[in-house]
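Each chain carries a letter (A, B and C) given by its place in the written order, and its residues are counted from 1.
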Amino acid sequence: MTALRTVQITRRVDPHLSIDRYDPEGELMLLHFGPQHPSTHGVFRMDLYLDGEKVVKVVPHVGYLHRAVEKLCETLAYVQITPIVDKNDYVAPMTNEQALNMAFEAALKLEVPRRARWMRTIFAELQRIASHLLWLGTFALDLGGALGGGSSVFLHCFRERELVLDLFEEVTGARFHYNTHTIGGNRHDLPAGWSAKVKAALDIIGPRLDEYEAMTLENRIFLDRTIGVGKLDAELALELGITGPILRGCGVDHDLRRDAPFHAYDEVKVNVVTAQGGDCLARARVRFGEMRESVRLVRQMVDAVPEGSINSGKPVKLPVQSKIPPCQVYVAIETPRGELGTYLISDGTQFPYRLKIRPPSLHALSALPYIIPGGTVSDAVAILGSVDPIMGEVDR
Amino acid sequence: MKSYLATAARALATTFTNAFRKPVTVEFPDVIRPRAERYRASFALLHEEDGDEACIGCLQCERICPSEVISIKAGGKRESPITGKKRGYADDFVLDLNACIYCELCVQVCPTDAIVMTREPELPAFGREDLVLTMAKLYANEKSKHRAWGDATRLNGMQVPPKPPKAEAPAAVSAASATGAPATAAPSARTVAPAAAATPASSGASSAPASATALPAASPPASSPSAALASAPVPPIATPGAAVVPLPAPDTAPGQGPAGETPGTAPAVSTAERGPVPPDSSREGTS
Amino acid sequence: MNEGLVHGAVYSVLIVTVVLTATAMALWFERKFAARLQTRLGPTMVGPSGLLQPVADLLKLLQKEDIVPEKADSIIFNLVPPLAALTALGAAAVVPFSPTVVASDLDVGVLYVLAIGAVTVLPVFGAGWASNNKLALLGGMRAVAQSVSYEVPLLLSAMVPVILSGSLRFGAIVQMQADHHWFVVWPFFIGVPAFGIFLLAMLAEANRIPFDIPEAESELVAGVTTEYTGMKFALFYMAEYIHTIVASAVGAALFLGGWDGPFWPGLHWMVLKTLLLFTVVYWVRWSLLRFRSDQLMGLCWKYLVPASVLLVGASAAWVVFR
């Protein structure tokens, strides 16, 4: 990790200060933002205390999408858990599965074959492109409205995202919840002609990224809405455990793909994209840069996938066969949202004793009470969009 | 002010150019989008070539399903009306599509390739009861829907390519390194799979995790943290073994499986053209 | 007097009918146009190429349950939707669609139009207030601030054709453009900027993107119309379209020469120009993101108002020294 370069924040809001201290006469207006709202990125509630249009205090509430996934996993055999954690970060399921299976492989001390590691890298990078395209579409929706320019950007992004999903459909058979990773490697091998399709899709997506930049990053209205909005300083981000594009948007050069390589990242060079400023624009720039970097990485890797088997374990026939010896293991990977970690405690049976998932979006949401106050309601929406939380992984 | 006008003009120009692109809308249901070979949308139960039901009621799919959507009434061992041998049957097989998560695990664990997924989904229905696939419906899907490419043999074959007979080792290696598609070139693909699975110790304890093909000598890469552990024996996973029914050798040419896939770039086919699938003579037929 | 009354009544009914029909067509046109900009098809199933989609939408909205919140101010709540549609229609009374087709060619036509523009704010604010809903209230407050502010550049830029033609009467303005040049053609250095400011102010008055913060869907669910259901919501929706069509007609008459054309002047040119402005409004809507309310205000008071004041002075100087 390189040295920090922090953004100077003169005064930091104390989100734990009770509202009675802010406003003893009760003149502020309390607005519940969500959970039913067109732009809260899932079911999420923010209590906004408003002075006119200015936000004074923010209290976020999570848990509306809690599905007891971790408890459910305690009753499922290891081989059955992969399709369940697909649904956590439902925008980037590949990386969910990878984080989970890497934990199992670390517990079993199983070596993943090189071909599988390359395939996992390619899938992760393609998933990063798809996830950031979705982020861009929903961010434009937040800023520009479902009946307006935002929806144009949204539909264009989804048109390109469909190309990536088609590629995944070719390999795994599913467009969304793949269940293509397993303990010891992957379940589906690349079909013939897949790399040509990947390159064709990237040939379309690459130039379209310039179009999206023209409609957003270089658009004066977009810049007005995002410059200086939601400034997050690097120290606070590190204190809160924020990782991913948000941290890199504060100027901190930290990326697990390069600093703690997993899959095949130790065989390729990852150019980590950072931006200064810590505001919404910096985060947007980081994500755009990551998209371009992912396009470059996939193009470089898809023709050079090594031969070999894709699974060093055996396909499990019965749940009782997937036993893991007693151990504790924590494995983390870099998803489009940040560091996704899986903490596994196993007691020797075929069910995990405790499976904990460390979601990056939860830590990102904990920054909201610090960065939203001081702006207007419109800024709150823009900040939430730039933080890109996925409630599925926040609540699990 | 000027930058507002300039960037607004640029945004207007972008949408203008998009107006002249071909619309990406697929007018469902008049036009059905072609799906990939491996697309998983619904289920079918299959018959063997000799007409006997392939499902032997081993209950493995019921056990592996994470959502517990499969309910099987095992029928015990009976004499088969076709071959005359005693074998297991399933008296009732119900798959609740309402709760299915389409994870393909049931397909992967089936020892007889009895349950497969299909490429066409079920039609939307007005009640949840209509989405509970009964045994009759599952067997009907065998004829009325296109099968997905993946069945148990192929999925397992992708993950653990069967060891070719020693004499064919060079040929198998060159075939495997062709396009990266898994090598199921051995004609005895079906019988090799159980054989390979029945000897986990021999294949699992081999030095490199990849047994069928030759990796470069310097496998795994030096920076891998577990380089020293690469030669550790893979924990043996027991095999079901006992309930596998010896299957007749497939009559299709060996190279047809994965290499015969067509990329899913066929133009959109309207429903009128598609029609029901005629009974396939080959189980692995790509349709 | 009787004749003028009959004449006015007949043409009023005619124009109202045409404008309402145009609203229905505008619904279809917008959806198809927006779809093309987004590389998709838009409505295709209802009627040939989706032409009956507005009918389907109307029937759908008619059969929805009509909900009035318990603590809402029900008098204002119920009164406001038809008022919104009617006030939007009001400005169409003075626009000359052709040398003979005009409902009532008032001597103070431009003043009347601007006054109607001011009145259109009231139903929006009434809806925000009467809904007893914080989101609607926020939307209503923003709408008032925005509309009242953008009245000023609207008025000032509308003064430019008035000064150049020397009359507040629409008929005279269009006649002057027919006799000489359209104001965007000559003097273009005054006409084009004035037209631009008028267009922006018109977008803000009609709450269109990039100025649609009062009904910002991603922030305020549906803004002022959050609590409205069924036909009342349909009336607000229609009011938006009517407002856009009528404002396009006004803009075409003031700056683009109205019913004048290079050959065969008449009604068809007016229709064409209105359609053109309408298309531009929707093109802008489906391409741009929205301003924040303080940036909106900044744009108005810091850029548009000084520019329009200068343009008024320039047009006065032009008339004097021509």
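Basically, a contact is a pair of C-beta atoms (placed from the backbone, for glycine too) under 8 Å apart; a residue touches a chain by one contact, two chains touch by 3 or more.
Just so it is clear, the structure is predicted and the values come from calculations on it, not from any experiment.
**Q** So, comparing each chain's Cα centre against the centre of all protein Cα atoms, which one is closest?
**A** Most central by this criterion: A.
**Q** If you tally contacting C-beta pairs, which comes out ahead, A-B or A-C? Let me know.
**A** The greater number of contacts lies at A-B.
**Q** Roughly how far is chain B from chain C, going centre to centre by Cα mean, in whole Å?
**A** 59
**Q** Return the distance between the CA-based centres of chain A and chain C, expressed in whole Å.
**A** One centre to the other, that is 43 Å.
**Q** Taking each chain's centre as the mean position of its Cα atoms, how many Å separate chain A from chain B?
**A** Each chain's C-alpha centroid was found; their separation is 29 Å.
**Q** Residues of chain C touching 2+ other chains?
**A** 37-40, 286-288
**Q** Counting only residues that touch at least two other chains, what does the list for chain A look like?
**A** Only 149, 152, 156, 159, 215, 219, 221 qualify.
**Q** Going through chain B residue by residue, note those that touch at least 2 other chains and give them in order.
**A** 4, 8, 11, 14-15, 18, 24
**Q** Residue numbers of chain A touching chain B in their complex, please.
**A** 76, 79-84, 108-115, 149, 152, 156, 159, 162, 166, 169-174, 177, 179, 182, 184-193, 197, 211, 214-215, 218-221, 261, 266-267, 305-319, 321-322
**Q** Using the touch rule from the top, collect the residues of chain A that touch chain C in their complex.
**A** 29, 31, 37-39, 53, 140-152, 155-156, 159, 215-216, 219, 221-222, 224-225, 376-379, 381
**Q** Sort out for me which residues of chain B touch chain A in the complex.
**A** Interface residues on the chain B side: 3-4, 6-8, 10-11, 14-15, 18, 24, 35-40, 60, 63-66, 101-105, 108-109, 111, 117, 148-150, 155-156, 158-161, 176-177, 179-182, 197, 200, 204, 209-213, 215-216, 219-221, 223-224, 226, 229-230, 232, 234-235, 237-240, 258-259, 261, 263-264.
**Q** Quick check on the complex: what are the chain C residues that touch chain A?
**A** Those in contact with chain A are residues 34, 37-40, 134-135, 138, 142, 209-210, 212-213, 216-221, 285-295.
**Q** What residues of chain C sit close enough to touch chain B in their complex?
**A** 35-41, 44, 283-284, 286-288, 299, 303
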